[in-house]
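Paired with chain B in one complex and with chain C in the other, chain A is shared by the two complexes that follow.
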Partner chain A sequence: MKTSTRHLAAALCAAAFSLCAVAAPLRPTAADNGPDEIVVGAALPLTGEESRIGGFYKAAYELAVKEINDLGGVELRVYHRKIPVKLIIYDDKTDPATSRNLYERLAVQDHVDAFLGGYSTELVQAQTVVPQAHQIPYVNGGGAATEIYHRGFKTVFGVLSSIENLAYSECDFIEQMQAQGKLPKPLKMAVVWENTSHGKDFVAGLSARTKQKPQNYKIVLNEAFDLHGKDFTPLLQKVKATDANAFMSDAHLDDYITMQRQYRQAGLHHAYVTYGARGPEKAARDALGDSVNYIFAATWWNSQIPNAAVRAFDDKWAKAYPKIPQEWYAALPYETARTLFIAMTEAGSVDKVKVTEALRHIDIRDTIIPGGHIRFEADGQMVAPFVVTENLPGGKVVIVYPKSESTGSAVLPVPSN
Partner chain B sequence: MQDTLATLISALLAAGLYATMSYGLALIYGVLKVINLANAGVLMLGAYVTWWMWDAFHVDPLLAPIVVLPLFFLFGIVLERVAVRRVIEQEPIVSLLLLFGVWLILQNIAYAIWTGDTRSIETPFIESTFKLGGIQLAWPRVYVFVAGALTLAVLQLFLTKTQFGRAIRAVSQDREAARLAGIDVERIYAVAFGIGIALSAFAGSLLSLLFPFGPDFGQALQLKSFCIVVLGGLDSFVGVAFGAILLSLAEAFGLRYMAASLQNLISFVLLVVVLIAFPKGIAGIIRSLRRV
Partner chain C sequence: MYRLIALGVVVLGFLIFPIVAPHAEYELDVLFLMFLYGAMATSWNVLGGFTGQVSFGHAAFLGIGAYATALLAAAGWPLWATFPAGGLLAALYSLLIGPPAFRLRGPYFAIATIGIGEATRLIALNWSSLTGGASGVTLSAAPPVTVQYYVSLGICAATVGAAAWIKRSRFGYALAAVRSDPDAAETLGVNTTIAKTQALFISAFMLGVAGGAYAMHYLYVSPDSTFGFSTSISLVIMPIIGGIGTIFGPLLGAAIFTALREQLEANPFLAKYSLDLSVFGLLLCGIVLFEPRGLLGIFDRLIRRGASRTRKDSVRE
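Entry: the complex of A and B
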């Protein structure tokens, strides 16, 4: 009896192993011809507060994937062939918890080879715990706060330069203008910032530069406000009560629109006005009309950057999406996806450790990003220059800094009505 | 002195806005004893309808209430007949959840129709300002304040001077006694709910003159409306107006000494304090003073 039971158990085990042998290589390994496809996944805010920008990210990722697939896919050395990319995108509804869960699903159910990141610091911060937990390479173009990269996560990379760096870029520009006598010295700044890690980085950058160059700057008001606020009039009254000659705000798009409208209604005027990375967006001009004139912004990208790669991207984008404007929300995710594919090519495989290692040492020179160079620091975040733009009447936007990429000169101080 | 005056005027203008967005909530609670969690969704839809008429048909947003008020009055009546009436006699949590569900549906409809893009109305009036004793004021804020004050006056007149208004008050005080007196309580419910929804949509239409908005619009304002209604006393329009003034003064003067990021904290601290110390709100305090 015992023997027959043992035989039965052995037979069952053998059957189970045989089944495993048939079922296991759902995706072929290096010993074979390689996988049929490279699976890349992302969760994006396609609905909810950030859905407008999420739409840009989806379009950009799809463009980058289409482009590489039109060429046959990603060249993987170990298989001696190109393998097409399959992109899985889920909607996280602009909710950090949903976003995190969807990345978990991408890792556990969809068995992705790599992640592309979502948009907005809050969501990126939530989702990046998943690539760290599963050790899956993750590249994003939507989270700039330094806090994301200061957690020691080894597989997380970001092509957005930090908000502190944004503040430094604006300061570099301001110093040039001070040297030309176009802005007062010291510049008395009323600094208001959204109460997020994004805003904290902005004020940290300005504070650091003020400490470093007290002859150039003086902070006369330093105040946080709640994200997605509705009534900024009490805050703006505080600004009005100061003798500031620069209004330095760090805000998301909807707060920028609300605050700038109330700024104008309160009759405020400063020699220099900025909302950090916000300024030239079409949505803001549609909402505010001429009230956006003479606002300065430091952005990660601008379609006017005089560079052949940018012009090529502009053409590609206009052809693929004639109705979606070329804003940085389009360029950065496109470059994010391209960076991941280049890293896979350099790794020669989709092995997660090798791709992570390739990302760590990547050095791409022909990019559309200001400065044209993608390379990650030890913490996984990229350091790149920002372009400073100014909105001018007639819907014009000019790049005023850096000089190498400028397309016009700054109108400063901001004219009063 | 100038700063204090500017803060005071700004607070009063904000009070007009706060009161306008809370009247609908107070009326519906006063009569039906239902907390309208869909208020934020209706505010948002009122803003969208105003924007859509301006964007597609170039209708001046100041004229939009001519369409918004009757349209949402009808919507309110339909919503009451189809959904709210069925749960009104059940535990309060049921109507709360039902209207929360309605809010989510309205929000998702807005996403489907208008996407999540930030919308806003831009007309010369919205940008216009004037100076009063050296203080710059925005015409749209003054307009919203005046509209809020007029709404309060019209509501008070309607509730005290008309037969129907008196019937609404009777139902809000004691529905069974009103029924025994021959009042058609179900009809009062439907009309009161319709008026409440129309008032919220009207507030949304006014808010679109001040703020950009998207499908999530109204969330933060809804919380503020709850504070105001609790402050004022859950079923009194005059109390709501006083609640709005109290909250906006607390915010405006509080923020002169506190960080702007604590603006919402002021509302919620007031809410907690009032709930503990004066659970019947300002209206309750006035009533007890009258009795004394």
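Entry: the complex of A and C
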């Protein structure tokens, strides 16, 4: 046999093997009595750069599913019974293309009834083309950039309020502090932002407010940086060269930790310091100790929100996962899964069109998020208030804004040592 | 003759598969990826395998093709017309980077290509007005899965056919000479810089066309997903697994790569401990250490051993 013939034969064997290996039987269904289980799937970053957060999402989804299954499952009106939920989770390795492929697999191989979303913005952007293509309802608690929801996708919903709103919430708080004389007016801001849709929204929010209220704000530096950076020293030197009195950064957790370490090493000090949605995380406190004191953050959730539902969630979480802290990375995906199950109950079936319609009109009042209210806008994204927190010495975190949720007063300006 | 018949049977099998199994969406999706990766790996192999110029920055050409398709489709071009346009843009880009890069040899060239790939990603990231920056570009709708399947099969077949023709042509022999000993090739009258630049041009064109299929399938292109270093690494891994420098090796590598990945990602035990990546690592280590000619080399060895045993038996008799 000639060499090239042998090579061709080998390639053919491999192709045949591959096809056999991936083929699997279709999911059995019982038409009259309804399905034996409701299949819900997600791809999460369980390894790679976002693995730390991916672990929170997995734990939260599993808790929500366990909770509903302990009650017998999701009540589906058309079948007059409760049906248990089966959760399928894959690891997308923090890679957008892998994430998209896994959602495709969930759609056409696992035949899911609905998707739960992944984390973070870039992965959510890549994966949301699948629910749109297959018209499968998708709810996420890990993508906040407005870009995700401005593509006209009809089955995509997100419980994270936009990053522009996050910036506005911080501005509202800053204006309150300016009125009390705790911050200078105008606040000269050095704005540094991760070069993602997330970061773009942050700087867009701050720019819009600066334009609207020039007497309150002045942007003296506006610089982007690459996600998952290792050395922010040159960027911080640019910050140092300005006369800014506020350091406004939008960063993911790993960048927040690296940047704040280098910020302190560079001897920088500002009257107001924020990393956008990052600040109170235990991982940052563990890594940096007292260097995270007096950092402000606007987040979608905090365990100190004075609300009975939040306290109940805190207890449940502590009991289920005593070693994982209660952070927004836990609360939002939990509430995401709960929202989907409520939508299925309201739809009365797992029919994809009906569940999507139920999500579009959903109105949940007893949730754990600030304001307690879940309702999606026409584009599928939710608008909800943020809570502004401040890290204090001794590992304390207080909510300083809005007044209705506050658990302490802001220490401002940031003390110089 | 046998080869042609075998090839015809297989191609026919792949051609009629969507007709006999129109609802096998998942299998069609996996085969789509297999053909796409096969085309991508074969494209890389023209430069990395035939010419011996190992590039770790080839994702740049895939990305240019993907962006070209996404942007031109958004501008109203018919999808089929965006593929050659993407290939052409990628090939033109190769003319920009090839000549300076080919002043370097061996590991220095390989290191330079990492820089080229990363620089291209950063250009895409920061040229927001054209590429959408970090937000990327979303395509409005994909053709039906069967159409995608045939497009991918067609691109794969054309790429492998072109690679086979190149390998057997005068130009292919020149590339083989460059790979074996560039100095000796020069003394034989081969202009090594031009030969390498031509190989890169062809490789980039093929990869740019494959990038169009990538965009059509994924419906979303962003700097990190298309220009990422991990994509470049995948392009190197597949020919190494299958058999670098051969015609069908990259195709075999792509088939193994796709099937293994599909199986490993879905295995809850492996996924839980992230062992799926370790399996690829072990496979790669094993091949590099024990059979640098890849799985096709192992296959050859087994066939030869079987044939020599048969010969010995017949001599004894």
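Some observations on this one:
We adopt the following convention: the second predicted complex is superposed on the first by the 386 of 417 C-alpha atoms of A that agree within 3 Å, B and C clash if a C-alpha of one lies under 4 Å from a C-alpha of the other, contacts with A are read in each partner's own complex, and residues count from 1 in each chain.
Everything below uses one rule, namely that a residue touches a chain if its C-beta (ideal position, glycine included) is under 8 Å from a C-beta of that chain, and two chains touch if they have at least 3 such contacts.
Given the structure is predicted, the values throughout are model-derived calculations rather than measurements.
Within the superposed three-chain model, A:133 lies in touch with chain C and out of touch with chain B [touch as defined at top]. Of the two partner chains placed around the shared chain by superposition, chain C is the only one that A:147 touches, whereas chain B remains out of contact. Legend: residue contacts after superposition of the two complexes on their common chain; A:90 is shown touching chain C, with no touch to chain B. Of the two partner chains placed around the shared chain by superposition, chain B and chain C are both touched by A:195.
Once the two complexes are laid over each other on the shared chain, residue contacts for A:105 go to chain C alone; chain B is not touched. When the two complexes are overlaid on their common chain A, residue A:229 makes contact with chain B while staying clear of chain C. Shared-chain residue A:47: touches chain B and chain C both. Overlap of the chain B and chain C interfaces on chain A comprises residues 47, 195, 224, 226.
In the complex of the two chains, the chain A residues touching chain B come out as 47-52, 54-55, 94, 192, 195, 223-226, 228-235, 237-238, 240-241, 253-254, 257-258, 261-262, 264-267, 283, 286-289, 291. If you check the complex, the residues on chain C that touch chain A are 2-3, 6-7, 10, 24-27, 29-31, 33-34, 122, 125-126, 133-136, 138, 141-142, 218-220, 222, 224-225, 228, 230-231, 242-243, 246-249, 251-252, 255-256, 258-259, 262-263, 265-266, 271, 274, 277, 295-296, 299-300, 303. Contact residues of chain A toward chain C in the complex are 1-12, 14-15, 17-19, 21-24, 46-47, 90-91, 93, 95-98, 100-102, 104-105, 108-109, 122, 125-126, 129, 133, 145, 147, 151, 195-197, 199-200, 224, 226-227.
Residues 3, 6-7, 10, 14, 108, 111, 115-120, 122, 126-127, 129, 131, 136, 138, 140-141, 210-212, 214, 216, 220-221, 251-252, 255-256, 259-261, 263-264 of chain B are the ones touching chain A in the complex.
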